[in-house]
């Protein structure tokens, strides 16, 4: 029983090898790249690696899908503990504080480039994109890969039918537009996904309000959450009310509510700009994207939104020579051609100014109006301490807590104040635990 | 228990148990002891710095009423899964026991869900109840009942209970049917002569006689709901909304694997292990008694 | 049966048919969904009948592969190897250890007994990270050994064989002794043949258990040629920033379902007999 499968395995392995790799060179150094991109984006990741491998003969980048974001991160952590870590791992922005605190595990990308002698100029990168991932002294820790920001998607045809001639800019206008949409036969006005990111973290940044003390955690591990402010609570209370009359309709923690938008149930959808590809493929109506709505009572003009998505972290513990391959790959990844292709295909924002300019020059934004909303929104103003980003430890769990508490508002089991207070209190407990573990 | 008639000791029995003992030591005892040690630590995810904190992790768990609620929720979930799945399969088995022709065909058809992976079962039920497009959810909505298990905790609970019970119906059905078919026909005939109707016959004769089977299945179903429904919950609700479907095993996974709180998660593992040992001993006593019977 | 009342028999059949319809409904919908194209599966109301895209979807899933570049044949093959290795491995070690525990009197018998049975029910999800570390230290990541052996470390099969052996009449061993048979001869010539229904039942249970694993293979494999079919379904459902491609998911789910269903149905007589005999 043991013999036969292993022989068959060799046979099948040989078939795989022959089928999928046209050239096998033994001298190549393999660079393991663990990522969380499934589906079409997974195919794009494979293409990037394949194209890079074709540019040189020394290194071979091997992309491996390790499940979703959390599964990928945990797989890398477990692998590191067992000394089997990949060279590069894709970590979502929520995991940033955890990665940063792991100084013995992480090889800052800026050092990787410098040590390998690969030219690297930070000023090539868009400040709004990289500031989330910089140390206080400005050192860039990880390479932004797929970055996005929440925008407001809207159904142009439905707007026309409902007689809405101006895309809402404020929350009051969103409410009014929603009522018109409902009057014209739609089930709900709007929905959103990734709610902690969109409705708390970005809501605060957009209104230049803090989500936590110590510059949202950038200035120290002893940060405390303080998003249970009147501004947030009254917004949440409003949405809780709207859920009852279906001005707002909740549809899940991540992108699960996308069908509500593309099937024409809700006229507006607040979520990542990276849904561009899917919406384009699925929506049978004209759609547009606009900046997030704001509350003029809180701020005259919106500040800027913060980034989401994931970056590529380099992990320590491999041969020095391997890291040259990593550096070359990072360099390749940030090249204007690769970046603008990735940006245009996926809806993620370009990470370098050059890629943005290239997309402009190619006329991408003219033929696809609205696709530069995300980048404009990110760089609307110079980021402040409130709008640079979020850096909380144990943030994966804290987001879960926030999700739970928000859901309790939507289904009416808690008042907005009660829920936000509990979320802050539970979150702070997790922050203290993180502080203790990382002393 | 040892056979009355048995072999005397030699090197042979040690060689026979060796493979299993080695595997158990290396892949169970060793990781389990690691988990116990880890439950006394607060550690960062990468294992770069850690502190020994004695029983702080446990203390924190029992001070958290959310954890206590998870216990209650797990019991509720298990009871619901067991009840739903047992009652449906009991009815079907009773019917299959009555009909003369077709029992084999019914059995073949009802056995399917047993073979379906929990992850896949979860995917099927998600597809049926997907809030905007699912077949059943849109049907319910058109009937005026609003379905959104991503918002409403009780609907989410209902959905995972159905998905979990569905998978277990096959197993229960097989056991019930076999139990009923092993009842001597003469008993039932005697009752029929006493002019007892089919329903009365079922409750007074058949049901009492299959009590051991029912009790055995109850234990199996509860264990199943406790530990083997992980894949279903993982795909269907991820424990949400607002914790409504988070059961003990899922919380261990979620805190450790997703949240990377290794100490807290390990402490929960240890509590579960103790629970499991208790349940094992209980099940043992029960089955042991039955065998000696 | 007892009284020949066509009405009550008809009612029984009706209830059974309704039961079968409810139980099989999700599976029917799987087949339906696998036979439509992706656009149709986003339009409300969804179809209840078969579409004409079944073979087209099958072709797409089989030829282009679903997750990255791992062809579906390789995934099915990996699942099969995993299921078979778990089934045979566990049956082998469990028969041996149950035999030792039931038929031999030796020192530490009870210690070994409890050591094995403590592992009875604790699922791998609960101890997954420490187990991963052990497997990694032993260099078994990305191997079939790593995929299977840690899952063999549980006592369900040993438990069941112990029950079976306990119900074997003592006369068999006495007779074998009179014939001068040694312990191993007794084991192979008598004990295994009389336990074959239990072994068959265990094979079905373990094959399905192995085939249906998800989290463990996901964690310990990085090599694309080691992906199993169940893993790929979860991956397809979680494609970032996209709605799931239900037609491919359902087609893959169907393909992933067929082998274990065939095993259960093909072996159902032995399976039922083995299970119920042991419990009686």
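Couple of notes before you dig in:
Here the chain labels run A, B and C in written order, and each chain numbers its own residues starting at 1.
Quick note on the criterion: contacts are C-beta pairs under 8 Å (C-beta built on N, C-alpha and C of every residue); 3 or more make two chains touch, one makes a residue touch a chain.
Model, not experiment: these values are computed from the prediction.
Distance from the centre of chain C peaks at A, each centre being the average of the chain's Cα atoms. If you tally contacting C-beta pairs for each pair of chains, B-C comes out on top.
We define each chain's centre as the mean of its Cα atoms; on that basis chain A and chain B are separated by 37 Å. Separation between the centroids of chain B and chain C, computed from CA atoms only, is 15 Å. For chain C, the set of residues touching two or more other chains reads 42-44, 129, 133, 234. Shown for chain A are the residues in touch with two or more other chains, namely 71, 81, 259, 263. Of all residues in chain B, those touching 2 or more other chains are 132-133, 257, listed in ascending order. Taken in their complex, chain B has these residues touching chain C: 1-10, 12-14, 16-17, 19-21, 23-32, 34-35, 38, 88, 91-92, 95-96, 98-100, 102, 106-121, 123-128, 132-135, 138-139, 166, 169-170, 174-175, 178-179, 182, 188-189, 192, 198, 213, 216, 223, 227-228, 230-231, 234-235, 249, 252-253, 256-257, 262, 269, 272-273, 276-277, 279-280, 283-284, 287, 291. Here chain B touches chain A in the complex through residues 42-51, 130-133, 148, 150-153, 238, 240-243, 254-255, 257-261, 263-264, going by the rule given at the top.
Taken together, the chain C residues at the contact with chain B in this complex read 1-3, 8-9, 12-13, 15-16, 19-20, 23-24, 26-27, 29-30, 33, 41-46, 48, 92-94, 96-97, 99-107, 109, 112, 115-123, 125-131, 133-135, 138, 149-150, 152-154, 158, 163, 165-167, 170, 173-174, 183-184, 208, 211-212, 214-215, 230, 233-234, 237, 246, 249-250, 253, 256-257, 260-261, 263-265, 268, 271-272, 275-276, 279-280.
Partner chain A is touched in their complex by these residues of chain C: 42-44, 67-71, 73-74, 77, 81, 84-85, 88, 129, 132-133, 136-137, 141, 144, 218-219, 222-225, 234-236, 238-243, 245. Across the interface of their complex, chain B is touched by residues 70-71, 73-74, 77, 80-81, 98, 101-105, 243, 249-253, 256, 259-260, 263, 265, 394, 396-397, 400, 403-405, 407-408, 410-411, 413, 430, 433, 436-439 of chain A.
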